[in-house]
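Below, subunit A partners subunit B and then partners subunit C, in two separate complexes.
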Partner chain A sequence: MQTAKGQLAALGAPAVVFTVAMIAFPVVYTLYLSLVAFSATGATSFVGAGNYVRMVSDENFWNGVVVTFYLYILSLVLQLIFGTALALMLFRAKRLPGFVRSLFISPFMMPPVVAGMMWLVILDPSLGAANYILTSFGLPPSEWLASPQWVVPTLALIDTWQWSPYVALIVLGGLQSLPPSVYEAAEIDGASGWKRFWRITLPLLLPTLVTAMVLRSVDLLRFFDLIYITTQGGPANASLTLNIYGFRTGFEFFQLGYASALMVTLSIIVLGVTLVLNRLRHAVAW
Partner chain B sequence: MSSLANRPSDRLIAILDVVLLVAAGIAVLAPVAWMVLSSFKESYEVTAYPPTIFFSPTLDNYRSLSETTPFLQFGINSLIVTIGSTALGILLGAPAAFVVSWTRITWPAIVTLLARMAPGTLFLLPWYVMFRQVDMIGTYGALILTHAVITMPIVIWVLLPFFDNIPRSVFEAAQVDGCSPVRIFWRIALPLVVSGLAVSSILAFVFSWNYFLFALVLSNSDTKTLIAASFNFIGEGSTNWGGLMAAATLIALPPLALALVVQRWLISGLTLGAVKG
Partner chain C sequence: MASRTRNAIGCIVAALAASTTIGAASAQNFDWKAHEGETITFLANNNPVATAILKHQDEFKALTGIDLKVDSYQEQQMRQRLLTVLNARSDEVDVFMTLPSREGMQYAAAGWYADLAPFTTGSVAADYDFDGLGKALIDAAKFDGVLTGIPLNIEGPVLYYRTDIFEKCNVEPPQTIAEIEAAAKTIKDCDSSITPFASRGLKPALPYTFSNFLHNMGGAYMKDGKSNLCSAEGKAALETYANLLKDYGPPGAVNYSFYQLTSLYRAGRSAMSFQSSNEFPSVMEGGDRLKDTAIVPLPKGDGGSVPTTIGWALTISAFSENKDAAWYFVQWATSPKMQAKLALEGIAPPRQAVSQDPDYKAWLEEQPLRQQWQKTLDELATTGTSEVGFPIVQNPESREYIGQAVDQILLGEADVDTACAAADEALNALIARE
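Our next item is the complex of A and B:
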């Protein structure tokens, strides 16, 4: 028995050692880094909460908070709406071949960096296909990613293109697990399709939707690849999320201490939102 | 009684369903089609305005990609890092998932999940300092180790339900016969979860291949992965859209092809068990 326990521990040990060395220790180390300042010579000095105090009066930090949440909420709402709509369509189209179905779902398997390259060309303000389509419908062309006003909605739109299929995949799983008897009962009672959706399907889907919200929130709050590849936070800091700001502070300006404080703050925000949504998940469970 | 009255509106709904589905299909696939089309266009054609849909295709962009950039070397780097980190993820994650399933001690698995939630920069800052101290920045080793932080949680969470599905009586019978846990893992459990191993390695491969941030900082010009090198292609791409789209197409090809292979298992794998597929 003793050896059995020992063997189990030995099987799990490599993963535990790896987790401690590559995950737990670095997190603790970041917490420490967030309390120090690096001088030009590389020497460190302990500044206590100094880096955190500096955030309060840093307008780029507050701008980052606003941009992060603007992008997060806009993207999340769009993806939940389009994702649910796509899931309902695919759920009804029962005769759609599996291969076509997986094509519908495929965009989020593409690297976000490639999605960024692709949309950079499509959304080019002067030669892009998007503006050609807009103007041929008599609409004014847009500056898209080059406009401080439109850059966040444009990023949200690109992310929605890529990740609505992922939300659809999750919602589809939820739809398939709904008891068919509920629908049959509603149909016999003569409830219209619209009414069935609002009164029956949507409430029963709520737990699934909250799950999708949790999974998307974690990614959206630390939105990085797409922004870094397209705008790097510009124009005029209009897409400078906390994550991008923290990264640039650390690896372009080499203020590792302040960057650590920014990342600790962002991690706490992600954790907080996740915990709140988890509460919500328990509240809507059935 | 109502079936007769319903018929015309039923047909209308059926038509509407098809129209919506086609519209959704265009919205999802048209940008990708545009990317692939552009990659086969001559340089004067790719920036033509109004954009052209019909043109005589050329492979020039792909050819010049291999001639004027170290595209092949970046591709090999990507493969080394991706395969290395996938293997390491399996090596660490498979026994760990078995132990979690056997003992029901879940905290190590939850810690790895937290690692998936934190912004990558949180780890990157200390890693940068750590790897600089041991002079590992720019090495494949640093890239494989850091990418395993992405792959190991995927392996653990995908394999866990597969191990859970093996009846406990199988393990108990083996134990009565004097089988040690290591032997049970290696001889009995692992062969029973081969399909889980396949799904988890493919998902780990895709996510490691797609990962941008770590290689952006920890690679150098010799070990740069394709994803990290994308950044250079964009700099050059302002004058050469055809080349940029050819690079984008090639980089997206492996994960998209693999995704289509494992589409049946995508749900449970991608949601880390949060949704039953």
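Our next item is the complex of A and C:
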């Protein structure tokens, strides 16, 4: 019996070693890189925690933290609201034809780069359709992605357009698993539709919503493609998230050590937020 | 003494004769099939230059028997891939495209370029004519005596303007930078539906166009080893460029790069567009602008006319295991014959001789505007400078601070003194770090 277990372990070992190496190597290597400094010519020197100390007095780092969280919170809130609303609509409209359902959920299947290019054209302040529509209704045109004040809300809106359907799919799954007996009891007691939503649906949906929050949080804190395509962190650093800042520092300015330290810090932030949300998930479980 | 001098001259003449004979013999012995069956990898920037070259890649295979494996990326992704490959000293890439004015000094300092000089005298076809390549571009690709690339094209920012709008608004074409502002003001008052002046505002992209303003206005990026951006000329250039965009530019100019500039001008929505000569084929797409456009270099300033002139180059990785076969590709792509073909697709040739090619001449004569475009490029070739951003190894990062200073003024976040002082501090720290 013991021999059989040993043989099984031996047979599985290569796969285990391969998997661990594939996960561990990049992490360990990035940690190592975050402790070295790269000169302009690519030469390296060990600086210990130097890159992390540099971060404390780096204005762009703190700006990156603020922009990252501003974009994260705004996008997450919008996606939860619109995703839940869309899910409720799809749940109630049971006779909706299949292709209409597919149309509603199609944005998140579009590659972010394509979505970015599309919105770049639509939101162009001079030639785009968005300002044409606004001015047709007598409203003032907006600079959208070119305005330091509006760039983050605009990015959040684009991301909401793309990812609310994904949240809706998760919430729809949650809605379908809710016990019908609770609703029957509420109906007999004469609870209105609005009351049923606030007192029954929403509390029972909380575990599903927190799951959607966890999944979206990981993506939103690492927000990249859309910004890279549309603003590259501008105007004037107004959309320079930590991820974009790290990328540009590493791949455009050659400072791979400092960029790695920024990425390690971002990973810790993502991990921290995920852990907090996981705790919340346990707290709201029923 | 006289006899020793005569001997020395004799030796030099003999050596020159020998080298010419060896060169001629090497050209005669040159065999395009010498590397048949080998494979090389080309990392291409997916821009019009590479697209035009790769249309002919079957001809390269037929001529040399060398298999060309192409990895094509957008410009920034190409650099990202290069950084990964070359930093690891990998031989995965044999040939790649490079912009010497941007990363030349950085990559040369890192030892990533193979020295191409020995190839240009060693293994060359009889009709290659290395000396026919623009000297300024060749010099711009030399770092510490190492020839890092062979020019593929010549380009620079040029002023496209609408002759019909100028006529309608009774404005003379600007002869100086100050007159650009005056013309823009008149056009704004005359026709409010037209953007009077457009140029790059996107932070990392704008030093390409701003540098021409700086140099024409008598400024220089560095003086005595320090940043000179806050000199009187530097501040004037920052203020003029940013204010032109702020007062007469399109809404959202701060995000403008080549794509938006081309779209706006092609749609007939801007009266003056200061942008890359490379965009000429795209700007003229559809033919709407062929009859109402004129092209000139940026009008002069207090420092005269010092256009920005750069070009993409083909280079061989220092870590390539197939340098000889890679050189065959570089040689083929930069040969007079190929560059004449590329010119017909709107890729401005870095060789004077190509502009005399009968097919190219016929192509130019088809449209008067093409002739203006070529004339402007000739002027760029003879009087231009390739200095875009600070002449330091960390040139790409220096562009960030220049762009930030312009954008702060453009967005009204800072006045010229504050924006310039912040940029200067960052730039001097960058220079010191180097």
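Throughout what follows, the second predicted complex is superposed on the first by the 263 of 286 C-alpha atoms of A that agree within 3 Å, B and C clash if a C-alpha of one lies under 4 Å from a C-alpha of the other, contacts with A are read in each partner's own complex, and residues count from 1 in each chain.
Everything that follows uses one rule, which is that a contact is a pair of C-beta atoms (placed from the backbone, for glycine too) under 8 Å apart; a residue touches a chain by one contact, two chains touch by 3 or more.
These numbers come from a predicted model, not from an experiment.
Once both complexes are superposed on subunit A, the partners subunit B and subunit C clash.
Among subunit B and subunit C, the chain that touches a larger number of residues in subunit A is B.
When the two structures are aligned on the shared chain, A:92 is found in touch with subunit B, with no touch to subunit C. Residue contacts after overlaying the shared chain place A:19 against subunit B, while subunit C stays out of touching range. In the superposition on chain A, contact of A:127 is made with both subunit B and subunit C.
Legend: residue contacts after superposition of the two complexes on their common chain; A:166 is shown touching subunit B, with no touch to subunit C. Contacts of A:33 after superposition: subunit B is touched, whereas subunit C is not reached. Contacts of A:251 after superposition on the shared chain: both subunit B and subunit C are touched. Look at A:58: by the touch rule set out above, it reaches neither subunit B nor subunit C.
By the touch criterion stated above, A:234 is placed in contact with subunit C alone, subunit B being left untouched. Overlaid on A, the two complexes show subunit B and subunit C touching the same residues of subunit A, namely 126-127, 251, 256. Residue ranges of subunit C in contact with subunit A, taken from their complex: 76, 79-80, 83, 87, 106, 109-111, 195, 202-204, 250-255, 260, 263-264, 267, 269, 392-394, 396-397, 400, 404, 407-408, 411, 413, 433-434. Within the complex formed with subunit C, the residues of subunit A that make contact are 40-42, 124-127, 141, 143-148, 230-237, 251-254, 256.
Within the complex formed with subunit B, the subunit A residues making contact are 3-4, 7-12, 14-16, 18-19, 22-27, 29-30, 33, 85-86, 89, 92-93, 96, 98-107, 109-114, 117-122, 126-127, 129, 132, 136, 161, 165-166, 169-170, 172-174, 177, 190, 193, 208, 211, 214-215, 218, 221-222, 224-225, 228-229, 243, 246-247, 250-251, 256, 259-260, 263-264, 266-267, 270-271, 274.
Considering their complex, residues 2, 13, 17, 20-21, 24-25, 27-29, 31-32, 34-35, 38, 47, 49-51, 91-93, 95-96, 98-100, 102-103, 108, 111-112, 114-130, 145-146, 148-149, 152, 156, 175, 180-182, 185, 206, 209-210, 212-213, 216-217, 227, 230-231, 233-234, 237, 241, 244-245, 247-248, 251-252, 255-256, 258-260, 263-264, 266-267, 270-271, 274-277 of subunit B touch subunit A.
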